[in-house]
Amino acid sequence: MHIMEGFLPAGHAIAWTCISAPFVVLGARGLKRILAERPEARLDIAASAGFTFVLSALKLPSVTGSCSHPTGTALGAVQFGPGIMAVIGTIVLLFQGLLLAHGGLSTMGANVFSMAIAGPWVAYGVWRLAGRLGVPFAVAVFLAAFLGDLATYVTTSVQLALAFPDAESGFGGAFAKFAGIFAVTQLPLAVAEGLVTVVVMNALKGRRIRVEGAKA
Amino acid sequence: MSLTIDRLSQAGRWRKRAPMEKAALALGLLALALVLPPWPGGALVLGAAWGLALGGARIPPGDWLRLNAVPLGFVLTGAAALAVDVDAQGLHLAADQGRRAALVVLRAAAAVSALLLLAATTPAPDLVRGLRRLGLPAEIAEIMLLTWHFLFLLLDQAAAIRTAQEARLGWFGPRRQVRSLGLLIAQLLPRAMDRARRLEVGLAARGFDGSLPMISTARPASRPVLALILGGQSALAGVSLWLG
Amino acid sequence: MIVEARGLSYAYPGGVPALSGLDLAVERGRRLAVLGPNGAGKTTLLLHLNGTLKPAAGSVLLDGTAMGYSRAALTGWRKRVGLVLQEPDDQLFAANVAEDVSFGPLNLGLGEAETRRRVDAALDALGILDLADRATHMLSFGQKKRVAIAGALAMEPEVLLLDEPLAGLDHQGGKRLLAALDRLARAGTTLVFTTHEVDLAYEFADRVALFQGGRVIAQGEAAAVLADRASLAACGLEPPLLLELGVRTRDEALALMAARRKVY
Amino acid sequence: MIVEARGLSYAYPGGVPALSGLDLAVERGRRLAVLGPNGAGKTTLLLHLNGTLKPAAGSVLLDGTAMGYSRAALTGWRKRVGLVLQEPDDQLFAANVAEDVSFGPLNLGLGEAETRRRVDAALDALGILDLADRATHMLSFGQKKRVAIAGALAMEPEVLLLDEPLAGLDHQGGKRLLAALDRLARAGTTLVFTTHEVDLAYEFADRVALFQGGRVIAQGEAAAVLADRASLAACGLEPPLLLELGVRTRDEALALMAARRKVY
């Protein structure tokens, strides 16, 4: 769920950029280490980023038209780890802003935090936890994608509520408003994404394509 | 599959202008849209961006309207939340009669049009090269340029897979949509990785050692043009403060 | 006419016209080659004939009835008109061959037993029943190509649209594929295929439509259209080698070709 | 012999043998067609001739010297032997044409001025100087193909390896590409190309190596090898149509072909 260009006041835009920056810089460091060992890995990373971008351009027709598709982020978090995903996600968000006018430059810090940091970390955490608890494969995949998606949606609602607190009820009321409005589109989408990701992971397994952390 | 913004930026009237000039113009307007009060500053930025896009860069009005419409739709959905208050009695129109919502919409509309002015006149790779000169690490810049290359190939593949699925009646109905999309993604991911492998072979033949050196094809910015841009932006800021 | 296009016009975003007032008629049971250079819009035409693309002007008719673009209309349309794209990797989605071929029949809402029957029949028609259990990503290019056709065939369409069916196949692979398509045609399926190869059109089609500048500039019996030097030249093409070398009649040419392919 | 392969053997991971004791010799200034069916390992052979793949047994020689696989040796090798893959998208990576073509020269350590000279010369040789500023993803297939060749050519190799150079091109596109390759050959570049089309080998090569089962089963002057029915049949191929139709000499055939292509 992207926050559009210009929607956040300058102060909030700068603050979220500062909050996201360390994650992206650390991710970039990790990426550099990988590239130092295996220079040609930049082709794989770029192909994954391109792939993630394409997912965002594939729309599941939904109630309100197009919406974001973090499916790739959940897949990527599982494949590359959430650290690297912060960098890949940032690149994807930049191209989404520049090629699809989806999101924006000033709001990029906030979007990176919700979609390239919070979402992937939650998806990754759920995936690992489910693995440890012995949750069945399909359920674990669904929960990782579904909850990763929800984490993005809740984070965005928090970001908007912080920027636009309600005149009377303050942050709480504003959060309820934003979360309520976006629930209409985001809850069904989160379910759809969870289901789609299950189909994807099953199909990949069927092709014997290795999925990190998946029990055979 | 072609993306409207890319198509416009590759073939537009400002294609040959220095990326630095276009970036200074559009990003300057974007900054003004954020720091000036939405009224009248945002309105002035909005007018300037639309004037430059339609009159200067000659972006076809139909394309320009469509490009603005999509992000504005999302802006309006978000702004709807600002126009209402929640309290014990439930939802009602905000005490300020939606003034805050209107100002946010105005600011966002100005900022979106400034972003689009940049995006629709400047191919994204030009901007990545600019970021590189501003200190973006070479590895990241190379990954970004490669991402750009892959995404068009993968967009075409995704479109072809979808056409094939629709020809066999996938995508009709919600259950089939979920299954078709899942199968599409599962088909695309290994192909993306396969493309990376094959490109590695292709580049190895030209001496690929990991890095991706290329000659620069950037055009230098003209100082008078930059001065004109900054002057115009200062004037816009001045008028805004004077009117406000 | 089982399929007919009347005055089709279509432009890709950015205003590049791909079709401009195109007319085409396909008789039931025929093999029509849509012949023209690359980039002329042949694929765009096929995508109109199964309703994937909606023309800006003009209409597509099946059995004389102009088709609509509602979901119900498209379902009926695609049931009757199958499409096979050039690149088989774009149309194999499932992990194994039988599962992939069942995609269409299952989407038609057919039961398991009927789906199985159709999958087997389609694989049999393409001569690849033995591949049923194989993983799709392990197949050779030629095998993938035949699985892709089986996927379309399992919906039992009346018309099969094929985009550059022989592209990428070598001599033997092409021979095998043409033999399979020949069996389909004899069993009554109407075939419409695009190609940029004059010799293929001459060899396999009974009717040819010359495609150039977004329009069909000539259509008719293969032998007649392919002997029309002027029209061919307008498409950047030249008459079939056999015609040039003095093999003047189609029968004579076919006999020669048959000797080479040894499959008919 | 500018390039020679002696007893090359190679198996892909999984144990499928692709080359088994292959011998091949290429004389300087020649145009050699490596002719064989799809999946026979022709591409694998090319990847050995520029050192991309390292054989399990046997060696590759340049000008009589067996090549090593150290980084320095490979750099020198690839400077002398350029490779053009079948699919141009597997070779193009940069956002615009000039940048892409400059990649090889810059990897050779050349300065900016010399790189620019080479980029222009390579684009000029392929007749695409006007594309220098264009975005690579907006090019047609035929244009991409020529840019990919320019990318190899800018390294000024002595030998150019081309994998199925005409695949996917239509009549006009093929004509244009062959004309460009003909100019290169006349300027002294040794050409080695793979193909599954007997007619192409007959038309464009002066030497032919028949490839089957991971080995070269016959090599020699094009006219002689292509008249050898038994060897061709072993590869699932048949003699060129022209030969079959009674055009017995190569000169006669070339005259006929030249009349058709109108470019030489």
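Going in written order, the chains are labelled A, B, C and D, and every chain counts its residues from 1.
The criterion applied here is as follows: a contact is a pair of C-beta atoms (placed from the backbone, for glycine too) under 8 Å apart; a residue touches a chain by one contact, two chains touch by 3 or more.
These numbers come from a predicted model, not from an experiment.
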Inset, instruction - Give the chain pair, either B-D or B-C, that is connected by more C-beta contacts. - result: B-D
Legend entry - Centre-of-Cα separation between subunit D and subunit B, whole angstrom: 41
Inset, instruction - Compute the distance, rounded to whole Å, between the mean C-alpha positions of subunit A and subunit D. - result: 45
Inset, instruction - Please compute the C-alpha centroid of subunit C, do the same for subunit D, then give the distance between them in whole Å. - result: 31
Inset, instruction - Enumerate the residues of subunit A that touch no fewer than two other chains. - result: 203, 207
Legend entry - Where subunit D touches two or more other chains, by residue: none
Legend entry - subunit B residues counted as touching two or more neighbouring chains: 146, 148-149, 153, 183-184, 186-187, 190, 195, 199, 203, 208-209, 212
Inset, instruction - Once you've mapped the touching chain pairs, tell me: line, ring, star, complete or other? - result: other
Inset, instruction - Return all touching chain pairs. - result: A-B, A-C, B-C, B-D, C-D
Legend entry - Residues of subunit B touching subunit D in the complex: 10, 123, 125, 145-146, 148-149, 152-153, 195, 198-199, 201-209, 212-215, 217
Inset, instruction - State the interface residues of subunit A toward subunit C in the complex, per the touch definition above. - result: 203, 206-208
Inset, instruction - Flag every residue of subunit D that touches subunit C in the complex, lowest number first. - result: 37-39, 140-142, 167-173, 196-198, 236-238, 241-242, 244-245, 247, 256, 260
Legend entry - Of subunit C, residues touching subunit B in the complex: 12-14, 47, 50, 52, 71, 74-75, 78-79, 82-83, 85, 87, 89-94, 103-104, 107-108, 137, 148, 151-152, 155
Legend entry - Interface residues, subunit B side, partner subunit A - complex: 3, 5-6, 27, 30, 33-35, 67-68, 70-71, 73-75, 77-78, 80-82, 84-87, 91, 94-96, 100, 104, 107-112, 114-116, 118-119, 124, 127, 137, 139-140, 142-144, 146-151, 153-155, 158, 162, 177-179, 181-190, 192-193, 195-197, 199-200, 203, 208-212
